[in-house]
Amino acid sequence: MTFPAPLTGVVPPVCTPLTEEGEVDVPSLLRLVEHLVEGGVHGLFVLGSTSEAAYLTDRQRRQVVEAVVGHVGGQLPVLAGAIDMATARVLDHVEAVTKAGAQAVVVTAPFYARAAHPAEIARHYRRIAEAGPVPVVAYDIPVSVPTRLPAALVLELAAEGVLAGLKDSSGDLAGFREVVTGARKDPATAAFSVLTGSEVIMDAALAVGADGAVPGFANVDPHGYVRLYRLARAGDWDGARAEQDRLCGLFGMTRVGDPARMGPGSSALGAFKTALHLRGVIDCPATADPQIPLSPEETARVRTFLADAGLL
Amino acid sequence: MTFPAPLTGVVPPVCTPLTEEGEVDVPSLLRLVEHLVEGGVHGLFVLGSTSEAAYLTDRQRRQVVEAVVGHVGGQLPVLAGAIDMATARVLDHVEAVTKAGAQAVVVTAPFYARAAHPAEIARHYRRIAEAGPVPVVAYDIPVSVPTRLPAALVLELAAEGVLAGLKDSSGDLAGFREVVTGARKDPATAAFSVLTGSEVIMDAALAVGADGAVPGFANVDPHGYVRLYRLARAGDWDGARAEQDRLCGLFGMTRVGDPARMGPGSSALGAFKTALHLRGVIDCPATADPQIPLSPEETARVRTFLADAGLL
Amino acid sequence: MTFPAPLTGVVPPVCTPLTEEGEVDVPSLLRLVEHLVEGGVHGLFVLGSTSEAAYLTDRQRRQVVEAVVGHVGGQLPVLAGAIDMATARVLDHVEAVTKAGAQAVVVTAPFYARAAHPAEIARHYRRIAEAGPVPVVAYDIPVSVPTRLPAALVLELAAEGVLAGLKDSSGDLAGFREVVTGARKDPATAAFSVLTGSEVIMDAALAVGADGAVPGFANVDPHGYVRLYRLARAGDWDGARAEQDRLCGLFGMTRVGDPARMGPGSSALGAFKTALHLRGVIDCPATADPQIPLSPEETARVRTFLADAGLL
Amino acid sequence: MTFPAPLTGVVPPVCTPLTEEGEVDVPSLLRLVEHLVEGGVHGLFVLGSTSEAAYLTDRQRRQVVEAVVGHVGGQLPVLAGAIDMATARVLDHVEAVTKAGAQAVVVTAPFYARAAHPAEIARHYRRIAEAGPVPVVAYDIPVSVPTRLPAALVLELAAEGVLAGLKDSSGDLAGFREVVTGARKDPATAAFSVLTGSEVIMDAALAVGADGAVPGFANVDPHGYVRLYRLARAGDWDGARAEQDRLCGLFGMTRVGDPARMGPGSSALGAFKTALHLRGVIDCPATADPQIPLSPEETARVRTFLADAGLL
C-alpha cells in the first residue's frame, strides 16, 4: 500500500507485550494488533515510547516490526520508531525497520548527544531524510527528549520535503496549533500530517486542525478513540468532548502506581499492560526492566476502572 | 591485568577520531592512545560522551574497543561506556564491550525511558551488576541524562557491591563531596572509586578526596592533567591550582564555536578534535553528524590557544 | 456589586500605561479601561503579569487600583493581583488592593521563597483566605513562578472554600481540563471559576469547559476576544476557531523584538503597548525597566500587523 | 566606616528570629548578632535568603536593618539584601535599607518579571548602580532566581564599576572560578569581591581564589566558619578541609525535615533556627509562613547533631 499523505485518523503506538522473562510475546502482540484493527484504527505505530522502544534490544525491536508488518500485511499503514541518540545510530534503525517492512519512520531530535541547536536538529533530519527510503515523521516528546522542536523549524523542514509529519506529544496545544496553521497556509505542506500524541486533549487537537492522533491509551480502549475521531470529523464537537471526557476519566488508571514505590512511567505503562491483560488481550502484564510492576492492590484499582467503564 | 580497586589517577575519555566519511579512523585512534599513554595517564575510558558514543553505531563502538584494548594490551585499565536508554539495551553493550576486552563498564541512569525514581535506578544498576561480568561505574552527567544520581543511592549501591565507582560530570562539587565523604566512612566502600569528570575543577575535586579524574580535555593536554594530579597527590595544592588555572585558560578554546551557528557540544568537541589535528595526533578533525564543524576562523582561534600554550 | 460566582467571560489583565519617566499614566490607563469596556469585556484584572505588576512600585500599584476602581465604579468586577514572594508580603498587598476597592485578589504560589511543597502551598493559600476579606483566585503561571499548582491541590482548596477560582497561564490544557472536570463533578465547587490565561488556545479552553479567559492580548483587540467568547458560548465552535485563528495571526506581533537584543517579555509587552499607542489608546508605548524598548523597525512591523487586521 | 574593597572574610547572612506571632524578635536578633560578632565574623549580611527576606514585610525588613546597624554601629560592614522582582521595586528597597544604614546592597537578577536576557540584566544592574548611593553586590542564587548571571556579564559590569562584588550561591564552582580568575586578571576589577554562598564547599571556593564566604550555616557555628577561613588564608589546606568536613557533617541537620511533610527550605531554615534556639541564642525557633515547623522528633535530631558536635 502507498503511505497516505497526509496520514490521518487514530494511529495508536502499539504496546509490546512481554513474557515474564522479558522477551517479546509475539502471539499476544498479534492479538493486540487484532484488537486495535477491530477497534477501527487507521494505522499502527510500533516502537514508540508506549511500545517501550527505549527498553527493547535491537533484536526485540526487529521481532516486533516483522511480526506486526507480517500480520497486517498492507491492510494498514505501519510506522516504526527509529529511536536513538544521534544520526548514525538512528539511520541503523531506519534501515532495520524499513527492511522489516515499516512504511514510515518516527524520529526525535538527538538526545544524550549535545546537539540541540536548530542547525544541528535540521542537519539531523536532513541526513536521515536523504539516506532513508521512507517518509520521516518528527517526534516531539519533551518528557523523553528535552530538546523541543520549534514550530518554525518543523515547518521549514516540512516545506523542504524533509519531514512528512509531526507527532507532538508535548501537550503544548499553542505550539501544536502554530504548526497546524502554518502547514495549512502553504501548498508545499498540504500533505504534511500533524498528529497529536495526547490521550487527554485529542478533541482539542482535532478542533484546531490536527490530522489525527497517536494516543497510547488507545491500546486499552481503541473503540473510544476511534469514536472520538469520528465525532470530531463529523463536526459533532459536543459529542467529541463527551467521549474525550469519558476517556479522561478512564485514563485516571495511569496513576494507580504508588509514587513512593515507582515513577509515573512505571505506573502508566503498568496500567496499560495490566488493563490489556485483564481485558484478555495479552497474556502477561510485565513491563520491561527497570520499571516497577504494579502491586495486587494497584492491579485491583485498574480492574475497577475497567469494570466501571464496562470494559471487562 | 586486575582492575584496580579503587581506580585512581587520570583516566581520559578517549576521543574517537573519524574520517571525512564519518568512519572510525583506527590509525589516528591508536596514535591518540599513544599520545595519552606517553602523557602518563593511568587508564583509558572509551565510548564516553567525549568519545561521541552517542553518535557511533554499534559496529563503530565495537571497532573502538577492540582497537584500543588490542593496542594497550593490559598495560593500562580500559573502561568502556555502555551508554544506552534502559537496562536490556545497556546489557547488550556490556556484553559487546567486555567481549572486546573492556575491564569495566560505565553506565548512566536510564534516559529517554521514563525511569527516574530511585527504585527504578537502583533496579537498573542491580540488574546490570548481576548480569555483567565486570565492575560497573555509575555515570552522572546531567548535561546528557537529566536524572541525577542521589548521593545516598550511590552510596547504598556501592555498599551492596553493585557499583565499583562513580564518574561525576555534574559540576556539583557539594554532591560529589557527599559521595567521597560517605564512601570513606564505611569500610564496605573503601575500594569504591570516586572520579570527577570535570576539566576545570579537578584540583578542587582531588582536594575534597577524589580518587581520580576523567577529564575530556586531557585528550588535548594529557601532560598537564597528569602533572596536576601528581601535584595534588604530593599535597602541593598551590602548584595544583596554578596548573589547573593554566588548563582552565587553555580550555577557553572549547568556546570558539559561534553560538549563532552551533551548540556548545559542537564547539567543544570540534575544538578538542581540531586541537588534536593541529598537534599532529589525528588525521582529520571531523566530528560526527549532526554536529556542525568549526569554520576556518574558529580553527585559527584554536591554533592561537595552542600556540600561546606552547603546544604546537 | 457582588462578585460573580463563578466569574465568567473575558477578563483582560489591564496593561499599565507609563510615561517616558516610568510613572503611571493615569489618563491613558482610563482610556484603556474605556477601550476594554466598549469592547464588551466582562471584568478587569489589574496588577497581573501583563500589567507589569512585577515592575511597579507599591505606590504605583496603589495608583492603578484606585484609578481603575474609581473609574468603573461597580460597573464591572475588578480583580487585582497581589503578586509577591510569600504569605506576609502577599497579605500586605491584599490589604492595599482591597482598601483601594478590588473585589477579588489573584495570588500565585510562593516564589523566590523555597516553599514549593504541596503542604506549603496549601498553608500559603489558607492563611491568605483566612486573613483576606475578598475571594482568592489562584494563579498558575510557570513562566514567572516555577512551582506548578497541582490539579488535586487546587480542587482540594476549592472544595474547602479557600479558593474562588484559578487563572491558569500554563498552556497545559490537559492539566486545565482536570481542574475543570473535577470542579464540575463536585457540588461544593460549582461556583469555582476556571479561567485560562492563554491568548492562543482560548477556544480550546472554553470547549473543555472554562468559565472564561484572562487574555493579555485582549488589551489590543478586546472586540475579537469578546466575539470569540460569544461564539463559543453559542456553541458555534467553527466560528470560534476561525476567530481564534485570526487572533493567533495577529498575536504574531508579540515576536517582533529581535532576540539578539531582548528577551520574549520585552518583545511581547513592547508589542502590546506599541499597538495600543498606534491605535491611539495610550500616549506612550514605554515599558518599565529593565525591559528593552522596540526599535523603529520593530514598531513598523507592529503597525503592519494592525493595518493588515484593519485595526488602524 | 568605609566599606572594604574588596570585602573579604566570613559574612554570614543573618537569620531573622521571629516570635510565635511571626513578628521580628529584635532582642533575639541582637543576641544573634552578638553571637556572630563573638564568633569573629568579618561582616554581616541582613535580608538575604537565609534571613527569610522573601517572607518579611517591608516594615519588618526595615526593622531588621535598623536594629542590626544600630547595634553594630560601624564595627563591621553591614550589607543588606534588596530582594525584589524588578528594577523600580528593588530601588525602593535600596533606598529603605541605605536610609537605615546598610553600607552595600545585594541584588539578584529580575525574577517573576520576564527579563532574563543579558541586555535586560545589564540594564537592571546599571539602573540600580546609577540610582543607588552604595556599592551593589550581584547575587546568583538559582534555587530562588532561575536566571543565572553569566561570568562574562558579571566581569563586564564589574569592569564598568556597576558591580562591587558577587555572592554566588549556585554551587557551580567552575563558573565561580571563571569570575574569580577573570577578576584577578584585570586591574579594573582588582577590588571586586567574589564571595561564595556555599556552606559545604567554602574551602574549595577559597582555594580557587574567593575573597570570602556568605555561609548561612555560620549562624549556627560561626567559630567553625571563621576557623576554616583562617586556615585557608594561612595556606593550611589540609586543616581547612578537615574543618570543612566537620561542618559538612554538622550541616546534615538541614535534612531532618520529613520530605513527606515539607520541602527542603522548611527543613533547612527550621534546622538553623531550631539549633539557634537550642544553643540559647534566640527565644523561638519559628519560621515564617507558609513554611512548615519541625516536629518534636525532628527537633530532637537537631539536638543530637549539636550534642555530637559539642555545641550544646
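General remarks:
When the chains are written out, they are named A, B, C and D in that same order, and each has its own residue count from 1.
The definition used in the following text is that contacts are C-beta pairs under 8 Å (C-beta built on N, C-alpha and C of every residue); 3 or more make two chains touch, one makes a residue touch a chain.
As the structure is a computational prediction, the values presented were derived from the model and not from experiment.
For the pair chain B and chain D, the fraction of shared interface numbers is greater than half, so the two copies use mostly the same residues to meet. Ranked by distance of CA centroids from chain B, the top chain is C.
The distance from the centre of chain A to the centre of chain B, with each centre set as the mean of the Cα atoms, comes to 35 Å.
Chain A and chain D have Cα centroids lying 49 Å from one another. Looking at chain B, no residue sits in touch with two or more other chains. Chain-to-chain contact here is organised cyclically: the chains close a single ring, every chain touching exactly two others.
Chain pairs recorded as touching, per the definition above, are A-B, A-C, B-D, C-D.
Contact residues of chain D toward chain B in the complex are 171-174, 177-178, 181, 198, 200-201, 203-204, 207-208, 235, 237-238, 241, 245, 248-249.
Note for the complex: chain B touches chain A at residues 22, 49, 52, 54-58, 60, 83, 85-89, 92, 110-117, 119-124, 127, 143-146, 261-266, 268, 288-292.
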